Amino acid sequence: MSKVKVSTLWFSGCAGCHMSLLDIDEVLIELAGRIELCNSPITDLKVFPEGGVDVTLIEGAVANEEQLHLVKEAREKSKILIAFGDCAVTGNVPGLRNGMNTDKLIEDIYGKGVTTNGKLPYDVVPHLLDRVRPVHEVVPVEYFLHGCPPPPGVIAKAILALLDGKTPELQGEDLKFG
Amino acid sequence: MKLEELRQIRERASKELSLRKGNARIKVVIGMGTSGIAAGARDVMAAFLDEISVRNLTDVVVTQTGERGLASSEPVVDVLITGEPKVSYGQMTADKARRVVVEHLVNGNAVTDFVIEVRG
Amino acid sequence: MNRRLDVLVCSGAACVSSHSAEVKSALACEIDARGLSDEIRLVETGCMGPCELGPVLLIYPGGTFYVRVSPNDVAEIVEEHFLKGRPVRRLLWETPEARRIAEEKKQVPFFEKQQKIVLANCGEIDPENIEEFIATGGYEALGRALTEKSPEELIETLVASGLRGRGGAGFPTGLKWRFVARESGKTKVVVCNADEGDPGAFMDRSLLEGDPHSVIEGMTIAAYAVGANHGYVYVRAEYPLAIRRLKTAIEQARNAGLLGLNILETGFAFDLEVRIGAGAFVCGEETALIASIEGERGMPRTRPPYPSTSGVFGHPTLINNAETWGNIRHIVLHGAQWFAAIGTPQSPGTKVFALSGKVVNTGLVEVPMGTTLREVIFDIGGGIPNGKAFKAVQTGGPSGGCIPAEYLDTPIDYESLKKLGAIMGSGGIIVMDEDNCMVNIAKYFLDFTCDESCGKCVPCRAGTRQMLDLLEKITDGKGETADIDRLRSLGMMVASTSLCGLGQSAPNPVLSTLKYFGHEYQAHIHEHRCEAKVCPSMIRFEINPAACRACDKCRTVCPVTAITGKPGTPPYQLDAQTCIRCGRCAEVCPFDAIAINSGDLN
Amino acid sequence: METIRLKIDGREITAQAGQTILEVAKENGINIPTLCHLDGVEDVGACRLCIVDVHGQLVTSCTTKVGADMDVQTQTAPVKEYRRMILELLFAEGSHVCSFCVSNGGCELQDLACDLEMHSVRVPYSFPRNRIDATHPQFLIDRDRCVLCGRCVRVCAQVEGAHTWGFAERGSTARVITDLAVDWGQAESCTSCGKCVESCPTGAIVRKGASNAEMRKKADLVGRLTERREHE
């Protein structure tokens, strides 16, 4: 049986969700036998494999043009999309900048920041979107993993269910935000 | 105020509104064209209104009309009583008007002396 | 000396706005100058109905009806009509379709089809003169009720008449009275809901302005029937004239012994207080209105308990709409059978409607229930102006539903309108023609209800907001297919779960337009086409090169220099990117060379 | 007292006349979600989360009294869907970011998301940006976390009798205010009793300087208080 192809993406978020993913202890061993981890911040692969993947976990909110492009690509190339953690599900902390002027934010952080020599980073950093959005406001999403970060147990439960071809039964405390 | 007093007020006040009811039995139409007015139609009308008021007639309306082409007979006055032919009077004066009120409007007998036409 | 002419000057708020007061003072001067003061009486009345044509005058005897009278017309009216008896024909009402001039008020189609019961005195008597009201039989019903009838008999009469609440919900009035009458407890309260908040509705205002005593009499009869000694009339502060006339009427009634401790010397005591609301739409909802009377924030409360059990300050409260109150004295005078024979068996009596929108004769009309929408819009309303096509009619104010042409022959009654997804409401009728975009209309009404939501319950506060955002998204040309389902499911949720009538009915304009004009939503979303060419994001102005004569008019009026060209060298060019779609160019073009188009180019 | 027989979710249940559906359901171990309900103060039916189906009509169980032969359904598909939508609307209109809320783990709104199985909020978030009022020496209010349940308003008026809290504005701009919309620190009627803090179901009204672990509210405080008063 061929391995299930899994990608993970890291948008605007703190990487805590990925940390939690790596925190699922011995389930990692089972996963290693059953999945092929494709493009992910924790691998060296940066593009989706030819033919796409079975599952993509997206950590973080959609906040800039690159992420907007990637989330659409992820949708196209994944059979199942999972909003992974509160930022992806609700906008969470990155969403707090909504309602602020993005130009002024850039100016304050980069223009006045001591480490950037007053240089605005638009040649290298993607432009910010006017509004930070949870993933499902941009593309349809199949499953939502709540939590900041989602508890390792919930992550394991969801992934193992999917590997068994079942719908993850997330309920009760599994759906706790924060 | 008692209910009877309310009803008395209504009796009195409804006379005030009689013009708006459109159910007058008698209609007096006064020719008030330029020649009518020149011949004294205003005084005739005033006399009608006064006499009607003095005699407390409530089912009479006084209205006016324009030139009738009978300049020599002006002021001309028509009296229309429901169910009766129209009676036209000519060369009216205030005194004649008062007579018409008494004899025609109250007693129902046209004042033949001034009648110029009966129609209908 | 006897009077020979009564000159009635409409002093309803609409005619006051079109300067009826100046006409009246000009008339007074001219009548005085000609020495006619003794023969002619000037009377200020309440609304006569055709507000569009104000200021209007009604002259008795004869019933001559003058429209759009200006102070400049006064000399001619007095000279020609009052003196010489020749009506001024140019001021008479000409019906456009028949090119017919109506010599008398009763010949005017607008009045012909109406049956005035509640509004019978409006426009016919001086509302500030209690004797004129008494002359029309006023307070006779109260007198008979107090002296000849028991409270039980009165309630039975009301129940048998079949009168239903005219505020919108159509609850049987007699039953309400019975509920309150059966409550034990010493203190009971009677309330008149005159907090008319629908944009374009002015039934209650006109009644209070034109015949305030009829409301007072109705309330007093009810107070006797249910055992109340105190009443409130709740009117919004935006109705200063209604408030003034109502207060005058209450004062006059008190002085005449028709309100107070010993009414008509029967020992029955009842008095009224006027409560002035700050104009929140939700205060028309009875529980919010009661909270407001108590001095609390005007927020609705859950029912039960109904006001009949626990209303103003916890007392059993009988609350009816102003128009309902206006019906009472007629029912008591003429009997239940008389009333039940008017209208339809399910919805007896008449209903007053405020007719507005794309209709020739806008104004106030009273028709028997069961009259069809077509009769009201086309026979009384005179149809759609400027040869445009009828598109929809909205009944019931901002939370009513939009009804398409195929249902024009629907009789107006509570059940028939409800079946179509509309409501009777307090009686607003807004007519729309081909130039109205139904998505935009839905957005307009939702904008109103969303803004007027009190914020207490979540579905209404947040649900209407989300619906409004979706409608804005669609009219901005950013709609998605899924938005239609989103709108529908949100609408059904808001309607099913909101606390009060405001939220429960707020989705009506959206749900009804989705049902009957779904194709317009589809066109907005999929083709970016606004059929009525209303939504600015989807229209574009284009110069037809064949028709352009290079007259330069359009270029000079364009505020953003989107149009370029040389005079005499057609065609001119219009830059769609720069254009702000203000439409000035199309207005000034003498050759109709500028077309408004909508929809994706392909 | 009169005894009433009714059905809740098909179960034959006996109740006392005058009890609400919510009370009877609770007594019988049937869970109905609530948010604006608070033991000890009057019910107002504002949040609409406790809706149940009674003979096809949706009514709020906190304000509806039981009636003889009532057939109450607490878990029909429309009831569950509408509750979830209402909850989503609440999440979308505020800024309920649990991850850095002092009430994280002790919040009724957060619990409701679990109870009602709210996987995602299907309407756009509004991300409001209201100023936090921290002018009171002991407490603060973050209006972005307020659900307008009015529990603070009722407890302040009906239990403390201070009438400090009230509502202002309307529709989507409605908010709770102290006195005549002055800063809380300037609200002279406030007795600093802290009942609003304990009654607030979310992290909107909290004690200043409290850590997440310390900020566990005693929502049953008011109910116990009023019960003791009645027994005195």
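Quick notes on this one:
When the chains are written out, they are named A, B, C and D in that same order, and each has its own residue count from 1.
To be clear about the criterion, contacts are C-beta pairs under 8 Å (C-beta built on N, C-alpha and C of every residue); 3 or more make two chains touch, one makes a residue touch a chain.
Given the structure is predicted, the values throughout are model-derived calculations rather than measurements.
Computed from the mean C-alpha positions, the centre of chain A lies at a distance of 55 Å from the centre of chain C. Centre-to-centre spacing of chain A and chain B amounts to 97 Å, using the average Cα coordinate of each chain.
Mean C-alpha positions place chain A and chain D at a centre distance of 33 Å. Our note on geometry: chain B versus chain D, Cα centroid distance of 79 Å, whole angstroms. Taken residue by residue, chain D touches two or more other chains at 122, 124, whereas all remaining positions touch fewer.
Taken as a graph of touching chains, this assembly is arranged as a line, each chain contacting the next along an open chain of partners.
Checking each pair of chains for touch leaves A-D, B-C, C-D. Taken together, the chain B residues at the contact with chain C in this complex read 1-3, 6-7, 9-10, 12-14, 16-17, 19-20, 22, 24, 27, 29-30, 32-34, 37, 45-46, 49-50, 52-53, 61-66.
Across the complex, chain C meets chain D through its residues 280, 282, 297, 299, 301-302, 304, 450-459, 461-466, 469, 486, 489-490, 493, 496-499. For chain D in complex with chain C, the touching residues are 43-49, 51, 58, 60, 63-65, 78, 81-82, 85-86, 89-90, 92-93, 122-124, 126, 147-148, 150, 166-167, 169-174. Those residues of chain D whose C-beta lies close enough to touch chain A in the complex are 91, 95-101, 104-105, 110, 113-115, 117-122, 124-125, 127-129.
Put simply, chain C touches chain B in their complex at residues 1-6, 8, 39, 60-63, 83-86, 124-125, 131-132, 134-140, 143-144, 146-147, 256-258, 264-265.
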